[in-house]
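In what follows, a structure is listed as structure tokens, so that the remarks can point back to it.
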Amino acid sequence: MTTMPVRRRRWRNTAVGLSFLLPNFIGFLILTLIPVGLLFYYAFTEWNVFGGATWTGLDNFRQMARDTTFWTALRNTLYYAAFHIPLTLGVSLGLALLLNRKLRGVAFFRTVAFFPYITSIVAVAQIWNMLFSPGYGPVNELLRWVGVDNPPGWTTSADWSMPAVILVGTWRDMGYYMLLFLAGLQTIPGQLYEAARVDGASAWQRFRAVTLPGLRPTTFFITVLLTIGSFKVFDLILVMTNGGPGQSTLVLAQYIFRKGFEENQFGYASAVSIVLFAICLVVTVVQFVVNKRRSS
Amino acid sequence: MKRSLAAVTALLLGLTGCSSGGDAEESGPVTLTLAGWSLATTPEFKTLADGFKSSHPDITVELKEYDAANYDTQMIADLAAGKAPDVYVQKNLKNFFTYQDGKQLVDVSDVAAKLGPEVGGVSAYQVDGKTWAIPYRADSWVLYYNKALFDKAGVKHPDGSWTWAEYATAAKELTTKLKAAGDKALGAYQHTWQSTDQGFALAQTAGASLESGDYSFLKPYYQTSLDLQAAGAQVSLGDATTNSLTYQAQFGKQSAAMMVMGTWYIATLLNQQAKGDADTFEWGIAPAPQLTKATTGTSATPVTFADPTGLGINPKISAKKIAAAKEFLAYAAGADAAKALAGIGVTPADNSSVADTIFSLKGAPGDDLSKFTFATHDTKPENPVSKYTAPLQNILKDLHTEVLSGTSPIDAAITKAQDRAKNEVLSK
Amino acid sequence: MTTVLVPETATPAEVPSVTRRSSRPWRILGYAALGAAGVVVLLPFYWMVLSSLKTNNEVFTIPVRWITTDPVWSNYADIWSKSNMGAWLGNTVFLSAVVTLLQVATGSFAAYGFAKVHFPGRDVLFLAYIGTLAVPWQSYMVPQFVMMTKLQLTDSLWSIVALQAFGALGVFMMKQFYETVPDELLDAARIDGMSEYGIYRRIMLPLSVPALASLTLITAVTTWNDYMGPLIYLRSPDLWTIQIGLKSFISQYNAEYALIMTGSVLSVLPIVVVFLLGQRYFVEGIATTGLKG
């Protein structure tokens, strides 16, 4: 077997590799890849979804360059991502470390941490809006109680609506990513910790020398997922602020929905999606390269 | 399931083919499908289908359920995939343009030509001299008021002579006097929708138009709203949205003494009072407050707004079905359907002669002003049909929250909206 | 060949020994902190439960009322008669089970190909998988719907299965976990004459139990909570899932918020049970800790 000619072995590897992919790939190709691929065509057309699309070349992208609302949505999306990604990463890793123990009641606390993710998003939006209610909400009552004279207006103020949405986004997502981190923590061999302990490493040193490197594939996966999820944030904003007040929380995914389904400019909506896609891709590739370099 | 439905339809068609011989294509029973939403609690579609069947025994109308909140999203997908029902509702005018411009509607000018002038809202569906949908209901916005709370505060009931200034005065007076009487109700409730300011502004201001790109006509309306918010005579937009206030509970549970709302709320309120979801109290409707004195008083015709609700025909169906569907549209806009719809509290397109039917429903007000209000109005469309309407309304939606949240002063917000309208929409 | 990987029984990683060493006051403080955090996290759920015990027009009030003196238990009886809750639950359970099974099976299978078999074009293909994650669904929803219509799949539960089961997430996730398994282990097995399929089944699957468990949970929850998919694809009321049923319930009974919250509470409970059952796979570290080398 080891004497098999190189070319034949490569061919065999390809066949074996493809046979693994096939069951998933057929479904993926037809139902996801082809529709997504069509988007790259529609982005260069004027298309009202019902009829044929008219080729307009780069018109959509030229329009986008002048479209102040697009830039506002892009800026808001970056704002959301810039805070939501590190915050969620930190909180969910912290939770995972905390709850990766044999504590009494750990199952309960894990379930509690996962609760925000499974609670209906409509209920989530309603309750948080109520908590944030500027006049009567408990959040501001608490702030006043600790001595803040002029607490923020949260979702009713253009300056504070994005921080409010980021907080709720983190609160909602932390359990999800905690779960992924927990699974990742199980892949780190216990002997490594034992060895580190024998060497007299402190808890912090063990975290730096064993946990972080051991979690690298997981962290990469989570960071990519979190980045994409943050750039695509939609449901939460839709139900919490619907982009307001004014345009203060309007994000790209919502803008795409508006342009497509509300204003029937599916060609333009596709073009904006392509831009969103490109941003995600660039960030992902950078993460990919950084990850490759670190792990080698 | 779809397959079984298709099988049943095929079976039915097969049976009819047997019974009526070879000319099944030309005559014989037809089954039309009609899109509706929330069928269990929105009886109007069944009322239309049943009423039509009794006068047209050969044509059966089957209902297809859609989601109320996502009706247009679902319909766009179905039309794009070629599996939409034969007749579908134009839920509001904002999306009508999408369907008309996308060639998803049959020209129904011949149906429109046979309708009398008493059918309201037909002109809203006209593009390039042709009519593309036929209205079956035509609501309009009116002022609901709680007679019990007015009496408790000792404030005079609306008499149809109000401009917005008098409305604001009354709201503040009610708030103060109700407070003095130990009642926490506020004078007015303004729901969170942009139309509560902009719909009236567009309808009542002479020369106002969305496409002009000049939105200074909004200013007096927002001044009134901001004034009432500041005076504590109505819940602020921020409190209404963060607490997810519903207008049904605000008026129905007597948290506000007055509320401008569409006539669709009449049926809801009657229903909720009967079931106990709303308090039982005397109420009435009055004409919506006007911009100037010229259109006030019961000898004038008050100006208000609302989009009609219409029926359109899917062009992908056979000629025979189109003919049947046109008969259905004519019926739905006519006097018989109007009576049937009024019987369930719905405001039909032909609403001149049904006030008595509506106001004889249990729990409905019996005063003359309410009847006048229901029958007399000059109702302008909320969303005039144009390719610019949807994007412009989205810009004005941003303006609405920006102004009422206090993010920017009115003038600055209007200037910003005008710039956006010019650069992002009207310049294309 | 099995000599390389006799899975040792779990040597629970690091932390238990820390716990052993942490003193009592610290532990109490830890529990207090966890408890406080738990309250904040559970508050919205508490409000949901509370609202489900109120009358409709009491749900949204100013200011918020955090206790109810007169709970309306009848909401929990009413919801069964007013809605088609039983059918919705049935459909959702069916979908969650089938989608999860397919996603986990095909996803982990494909992931092995991506992680451990070297062949040309692999990385490009993988990038295509991740790339589709970066496109918002609402922008390719209509082309996908048209495609699905051509396949005669719309308005049947299988459309949702097709939609959810072949997503890129499972492949991506499992690939990452497979990459943590040292290549030497597989090479040893290959030398012993084990086929790639054998390696996948007898080495990879047992090693990736925690990852499989989290993928299972996440897929099940995502399917359970999916709203837009069923909304677009399932039109017949007898096919509705719990989320779409609840939403239509909201628009039908638009002021019946108490009942809506009752439905929301009921819709979460099955997921909580699944989670409680599944989460224990993250403690025992089933097999991975047994890896030598």
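Note that the chains take the letters A, B and C in the order they are written out, and that residue 1 is the start of every chain.
We adopt the following convention: a contact is a pair of C-beta atoms (placed from the backbone, for glycine too) under 8 Å apart; a residue touches a chain by one contact, two chains touch by 3 or more.
What you see is a predicted model, and the numbers here were worked out from it, not measured in a lab.
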Graph class of chain-chain contacts, one of line, ring, star, complete, other: complete
Pair of chains ranked first by number of touching C-beta pairs: A-C
Chain centre separation (chain A, chain C; CA means) in Å: 16
Chain B and chain C: spacing of chain centres that average the CA atoms, whole Å: 41
Touching two or more other chains - residue numbers and ranges from chain A: 49, 130, 133, 135-137, 261
Multi-chain contact sites of chain B, meaning residues that touch two or more partners: 73, 76, 80, 239, 243-244
Junction residues of chain C, two or more chains touched: 62, 64, 142, 247, 250
Footprint of chain A on chain B - complex, ascending: 72-73, 76, 79-80, 94, 97-98, 101-104, 236-239, 241-244, 390-391, 394, 398-399, 401-402, 405, 407-408, 413, 419-420, 423-424, 428
Residues of chain C that touch chain B when the two form their complex: 56-57, 60-62, 64, 141-142, 145-146, 149, 154-156, 231-232, 235-239, 244, 247-248, 250-257
Residues of chain B touching chain C in the complex: 1-3, 5, 37-38, 40-42, 64-70, 73-74, 76-77, 80-83, 235, 239, 243-246, 248-249, 252-253, 272, 277-278
Residue ranges of chain A touching chain C (in the complex, touch as defined): 1, 10, 13-14, 16-21, 23-28, 30-36, 38-39, 42, 49, 97-98, 100-103, 105-107, 109-124, 127-128, 130-131, 133, 135-138, 171, 176, 179-180, 182-191, 193-194, 197, 203, 206, 210-211, 214, 217-218, 220-221, 224-225, 228, 231-232, 234-235, 252-253, 256-257, 260-261, 266, 269-270, 272-273, 276-277, 280-281, 284
Chain A partner contacts - residues on chain C that touch it in the complex: 10-19, 31, 34, 38, 41-45, 47-48, 62-64, 105-107, 109-110, 112-114, 117-120, 122, 125, 128-136, 138-140, 142-144, 147-148, 151, 162-163, 165-173, 176-177, 179-180, 193, 196, 200, 210-211, 213-214, 217-218, 221, 224-225, 227, 243, 246-247, 250, 261, 264, 267-268, 271-272, 275-276, 279-280, 282-283, 285-286, 288-289, 291
